[in-house]
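Here the chain labels run A, B, C and D in written order, and each chain numbers its own residues starting at 1.
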Amino acid sequence: MAEILSLHDAVARYVEDGATVAMEGFTHLIPFAAGHEIIRQGKRDLTLIRMTPDLVYDQLIGAGCARKVIFSWGGNPGVGSLHRLRDAVEKGWPHKIEILEHSHAAMACAFEAGAAGLPLAVLRGYVGSELPRVNDQIKFIECPFTGERLAAVPSVRPDVSIVHAQKADRAGNVLVEGIVGVQKEAVLAARHSIVTVEEIVDDLETHPNACVIPGWAIDAISVAEKGSLPSYAHGYYPRDNHFYKEWDAIARDRDTFTQWIDDNVMNAGGNA
Amino acid sequence: MSSVDNHPDYTASEMMTVTAARALENGMTCFVGIGLPSEAANLARLTHAPDVVLIYESGTLQTKPDVLPLSIGDGELCETALTTVSVPEMFRYWLQGGKVDVGFLGTAQIDRYCNLNTTLIGDYTAPKVRLPGGGGAPEIATNAGEVFITLKHSKRTFVDEVDFVTTLGFGRDGKGRDGVPNIGKGPTRVITDLCVMKPDPETKELVVVSLHPGVTAEQVQEATGWEIRFAETLESTPVPSARELDVLRELKDRTARAHGGQ
Amino acid sequence: MAEILSLHDAVARYVEDGATVAMEGFTHLIPFAAGHEIIRQGKRDLTLIRMTPDLVYDQLIGAGCARKVIFSWGGNPGVGSLHRLRDAVEKGWPHKIEILEHSHAAMACAFEAGAAGLPLAVLRGYVGSELPRVNDQIKFIECPFTGERLAAVPSVRPDVSIVHAQKADRAGNVLVEGIVGVQKEAVLAARHSIVTVEEIVDDLETHPNACVIPGWAIDAISVAEKGSLPSYAHGYYPRDNHFYKEWDAIARDRDTFTQWIDDNVMNAGGNA
Amino acid sequence: MSSVDNHPDYTASEMMTVTAARALENGMTCFVGIGLPSEAANLARLTHAPDVVLIYESGTLQTKPDVLPLSIGDGELCETALTTVSVPEMFRYWLQGGKVDVGFLGTAQIDRYCNLNTTLIGDYTAPKVRLPGGGGAPEIATNAGEVFITLKHSKRTFVDEVDFVTTLGFGRDGKGRDGVPNIGKGPTRVITDLCVMKPDPETKELVVVSLHPGVTAEQVQEATGWEIRFAETLESTPVPSARELDVLRELKDRTARAHGGQ
């Protein structure tokens, strides 16, 4: 049953050094506030899973929280590279990280399979791609009915998943609306889950088939107003495309990056 | 690039976008990559193909953005979509389920057999440049009915051998789709700022079928990292119409205003 | 692209003798009007797929349309047996039919896999059940990552699927709301699909994550007002529970059944 | 069935429903079968377990029906649910995904190892009586944390050997769950109109642990198709409270009015 906790307490309780962490949100509803809290608490050796690492993982990687990143598209959308991801992979700064890369289809299926309690996802994928050559977690199986060769990947089953959503009610039921990505899957696939929300309301005021995650499937709810900026929250605030462009210059250089983290994360308090 | 008589001035980049847009037929279902493909697909929708169905991997089905998205998951895509599904559903039911006629992709590198590299330059374990990675492309390229590719022409992008096959064209020997069940036709055309290419029906090697007005075969060869073939009858790509240019420029203006406005 | 056809013409065009047909709707939105049209047109040798055959398949079986039934729960919900199904299985009236039975979980996964373009569905299922002994379409595979034994069933990929929904817009986009069952999956898994709707409207007036099936994924839309009675249409009319109870007596006897079909289906016109 | 002093009159059927309801603890997540389990689960929700979470296989999550559904997919279930998901999602994410504490099932036949038959009486290829089939039960029984079973006690239902194992209890030898990974505990109690039974912790054979007031061990044996075991210390099942009976009767009255009203 979801407990309403401060973001500080939720991260302190559920994100352990060395944990496998999935922070999801497909462009929309990216849990930046939670990412910053992880940086502030100096978590280390995390295995970070995310289809699109985006700025949130660029920041965590640059801040030294990551040991390994599992992803399927690691860029700054519409802008260019994730310089901190590249610096870690290419030059080992602040330390070497391991990467394991998939395609979007495979990762989406792996989250889905994790939510479905399966050990693997099966897909018509990776045909002719060289990704299976560099990712030993991609295998192939034969369909026992048709003989067709199909790709298989292990399901995603994180120690903790963190997502951001529009709102929760007082029982901790959460509404996710708009581009829902793999958020529900991430929560259901994980051993523990934290959902940050824009607000807590009396009534979700929704429709019969809305994407609602029941409170009893969530461990902690934390209010984090504007908690997905510079990403956006459908119905609350738009994406700060300007900042996404600015990030390119900030992250290109180690010093400007570190300064930015100091100014905007380390010394920015959080909402503990 | 200079204009042709009776046609307005246009840039090489506009020529590329308009030509890419024209490849899409009205009513087609198109899985759209961000950047150049998105620009071309929306131009098609706003001109000759009002009923083209645009799908983005963020889960937005049949979307009609008024401005071009910066990211694959901009709010605009959801707000103007028929409906928005989860990302697993998008890849499973809509792409893998065979509902997509055309995948429209960009790339960082392409070879003569249309294999695409968006993973890295150099060696996998010690990359010179780390690129974003596969994203949706590996399965778009195999599960869509066919694939259109658009990118700027240069020796950096058109390479003799891609450093990594992120996404299958026709394999390093051109035979990568032979005998594979349940696979799309693969790339059927490549549109650049210089020309249009199509795979040879037999060998699958890219052949230049059409040069954009004012572009020479030599220019194409100079911008290509292998000895590229030219069709026996080389067409001249039709120039953009005034309406296409107007719509494209208005779209880009609206987009700049929207994205700069924050 | 969906074409708006009379129900008569849609069934005449897409339901061929010998076809594999899935008519779905989980208690809710069962396509009775379409079932009656199939009976009126005297279709024969159909392989009928449906999780819960319900009265609609009882009627089709009793009327002699079915050669085979694939299902997972074949009762009259809350009432008792499907007497026409039983009479066909137990006594071969009006002729012998073949049955292939699954569990709900397996059939739901098989529809899902069909929609997903896969040849098989994988599930943690059938453990200790004797169903695999009598259904040779249930196999077991080994997970290449964990070694776990998992059940596999062929995906459902019908020649034609028929579902009922609340409404379509003029472009043939369909809204399904409430208990959505496996309707979307049935449509997407099929080679052809017919959707009957209560009404055609200018605007579906819905929300960002509604269950909308695009017109271009459907072959034919037919207006069939009250087309799911005695089942129900959320927002339109309730379930006729009374008729479900009455059906028990009607269907128990071959003569009363035949009379009912004559009076209510054969001589009831339809909306051609 | 006669009443006990100081307690209101109640029927054997009410005794069964109240006892079954009491098995559910507040806050549990329960995947509910139609009929007797649904009646018991909703009684629990309306009495001691207001926060019990009821899930029906029709996709209705956390539903609070005001009247009992006749079918597993009545409109009432959707209208009072937190949300309604597709049936594939229900079985995949919620049941198989391990979110269900208790599966609450009825059955047509049960044997001493709690194997359930809802498929047929007689031989599979030439059945004497064809029953509805497995429905959700085979995977509810293995993917839920534990299973409660409720049904009326008779020699027709409590049989020495089930004609078909539709749904695993503990297998025909009691060892059907041994060594199976990722499987629930299986049946932990069976509630009838005569008594409460639990599997022996070692052998998994059903043992009568509690007799309903006024019921004798002989009555239970007569209604059971094998030589049934009784616990050394046999409890007397607590009688229904006046409130439980009131709530149950009001619920059934509301239900009768609602279903008769058409």
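Just a few scattered comments:
To be clear about the criterion, a residue touches a chain if its C-beta (ideal position, glycine included) is under 8 Å from a C-beta of that chain, and two chains touch if they have at least 3 such contacts.
By chain, with names taken from UniProt: A, C = CoA transferase subunit A; B, D = CoA-transferase subunit beta.
Every value quoted in this text rests on a predicted model; they were computed, and no experiment measured them.
Shared contacts of chain C and chain D, meaning chains that touch the two of them, come down to A. By count of C-beta pairs in contact, A-B exceeds the other of the chain pairs A-D and A-B. Taking each chain's centre as the average of its CA atoms, chain B and chain C sit 40 Å apart.
Rounded to whole angstrom units, the spacing between the C-alpha centres of chain B and chain D is 58. Centre-to-centre separation of chain A and chain B, using mean CA positions: 28 Å.
Chain D has residues 78, 84-85, 92, 96, 143, 182 in contact with two or more other chains. Each of residues 117-118, 123-124, 148, 178, 180, 184-185, 208-211, 234 in chain A touches at least two other chains.
A complete list of chain pairs in contact reads A-B, A-C, A-D, B-C, C-D. Contact residues on chain D toward chain C in their complex (touch as defined above): 34-35, 57-60, 69-75, 77-78, 84-88, 90-92, 95-96, 115, 119, 124, 127-139, 142-143, 164-168, 171, 176-177, 180-183, 259-260, 262. Within the complex, the chain A residues that touch chain C are 117-120, 122-124, 137, 139, 141, 143-146, 148, 150, 152, 154, 177-178, 180, 207-211, 234. Across the complex, chain D is touched by residues 26-28, 51-52, 71-75, 77-79, 81-82, 85-86, 89-90, 101-106, 108-109, 111-112, 123-131, 134, 148, 178-182, 184-185, 211, 232, 234, 238-242, 244 of chain C.
Contact residues on chain A toward chain D in their complex (touch as defined above): 1, 115-118, 173, 184-185, 188-189, 206, 208-212, 214, 216-217. Within the complex formed with chain A, the chain D residues making contact are 27, 29, 53, 61-62, 78-79, 81-85, 92-93, 96-99, 143, 182.
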